[in-house]
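Structures are listed in the sections that come next.
Two complexes are shown next, each including chain A; its partner changes from chain B in the first to chain C in the second.
Then we have the complex of A and B:
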């Protein structure tokens, strides 16, 4: 203990210790400030159901097109009209979509509001139009396209 | 000069005591006067600036994302969640139609403000509205029929 009190050399070591301490504290404060940024902006990208909604509309467009082909083919084999075939195909599609999205906690309702397919049955070169109401709801975001106008070709 | 380096004698204990006391008292007075600015206001300003730009970027991203999937005939509504207080203060978000360059402006109760631009969407679809952070629901909505 006597040697510790009388020994006067080694100030530079103590000084460098202080400098290191202060610089470490400054760095820690800076790092903590950097940590708090960027949460909300990245969370908005993740949480907003942009891809889901895009997927529903593009899938519905694609399915309406393929349902037209199926309804026409069924019209040849059974004696029901194109429109009634289309209605039953669409109700199956509607149910499948609702079940698929309900699995992820999202509500999707599709309904066929109007259709113009009479010219397809008579003239093979002309197209028809289908009006579909699409709604999507995941509790935070509500989307309604009423109607989505879809052009279909035979 | 060489003498100064070799001499290991210091001043008397009384003088040292007086000098140190004066130094400490001066230091304490300085700290007392500027404590609020150094310890509270500086970090608070940094926190507010950081959080405001974060929330502003969130709003900008949300509006851009909604713009990308807008229905031709229909409605889209999106709720979002923001902190009720930033740096211990409530704040408001303004999307002002009157401004030529459409921006989100966030302003806190103490007047701290930050602006975020939204990539030129406002030229096709005007965006308008004001919201306070302390309200319960925050919503952005679009209706093609209005």
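Then we have the complex of A and C:
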């Protein structure tokens, strides 16, 4: 034991052993951190409801366009104004969308804030504009587009 | 010239070579699936499912035959069973776009204020890593009449239908 204590050769080998050990531990920690970072970024991509938001906005734009043609056709058959028919169709649209999205735990509210359809149906029709307020909430992500301005043509 | 500790130097080189070889062999021979790899696969599959629904819906009729809205408008509204689906046209299009995958298609719609969900294409029961893509389509009296579907929609009504595509790999 006394011999071992007095033997001071090989200090550098022991030191390099320590250095190697510390570098290995540091590398292991770094690799682990990278894995955790990757996990969280992938998880965030999966959780963010970009497809739902895209579906609501694109469907609302598409439906507003179709509703214009339908409101004009109804105006010629039921003698009600285009705007009145449009309101009735939009009311059905917003109710059904709210129920469909509530079916998977998401809240969608749509409201028609303003519309300019006066030139629709006239000979000098240049199209119209509707202003729709869209909100989406799934408990973690809240999205609002107030208003979504939609150009419509019959 | 100091020629001491030659053997230790060689030993050090040998150890370094051994460690490097071991790490290379392990990383080359084994495919390590970490949780984020699995999630990335889910993200890619989900994106693909959404892209397929979008493509089917926005493609003009002369490209695809009938797009998603036309397929849904022509639905006979019968509940599907395994090997007996009620949307054969959509099934054919999906089987071309999703080779090597299994999928189900459900339809959700609102009838008298309540949500109704029916299977339209049923190929089995999804596994735990299945992904779901949804797309909403709008039906009117004219689209249904044109596609000869079984929907009952008055001329002043519209019907929103959610097409739910569940995709998984076996």
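Convention: the second predicted complex is superposed on the first by the 115 of 154 C-alpha atoms of A that agree within 3 Å, B and C clash if a C-alpha of one lies under 4 Å from a C-alpha of the other, contacts with A are read in each partner's own complex, and residues count from 1 in each chain.
Methods note: a contact is a pair of C-beta atoms (placed from the backbone, for glycine too) under 8 Å apart; a residue touches a chain by one contact, two chains touch by 3 or more.
This one's a predicted model, so the numbers in the text were calculated from it and none came from an experiment.
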item	value
Combined model on chain A where chain B meets chain C, clash or fit	fit
First (chain B), second (chain C), both or neither touched by A:148	first
Dominant contact partner of chain A by residue count, chain C or chain B	C
First, second, both or neither for A:140, with chain B first and chain C second	first
Partner chain(s) touched by A:74 [first = chain B, second = chain C, both, neither]	second
Partner chain(s) touched by A:45 [first = chain B, second = chain C, both, neither]	both
Partner chain(s) touched by A:8 [first = chain B, second = chain C, both, neither]	first
Shortest CA-CA distance in Å separating chain B from chain C in the superposed model	10
Intersection of the chain A residues that touch chain B with those that touch chain C	38-39, 41, 43, 45
Chain A partner contacts - residues on chain B that touch it in the complex	8, 43, 46-47, 50-51, 53-55, 57-59, 61-62, 65-66, 68-69, 71-80, 82
Touching residues on chain A, where the partner in the complex is chain B	8, 33, 36-41, 43-45, 48, 50, 53-54, 57, 134, 140-149
Complex contacts: residues of chain A adjacent to chain C	13, 35, 38-39, 41-43, 45-46, 51-52, 55, 59, 62-63, 66-67, 70, 73-74, 77-78, 85, 88-89, 92-93, 95-97, 99-100, 102-104
Residues of chain C that touch chain A when the two form their complex	8, 34-36, 39-40, 42-43, 46, 50, 108-110, 113-115, 117, 133-136, 138, 140, 155-160, 162
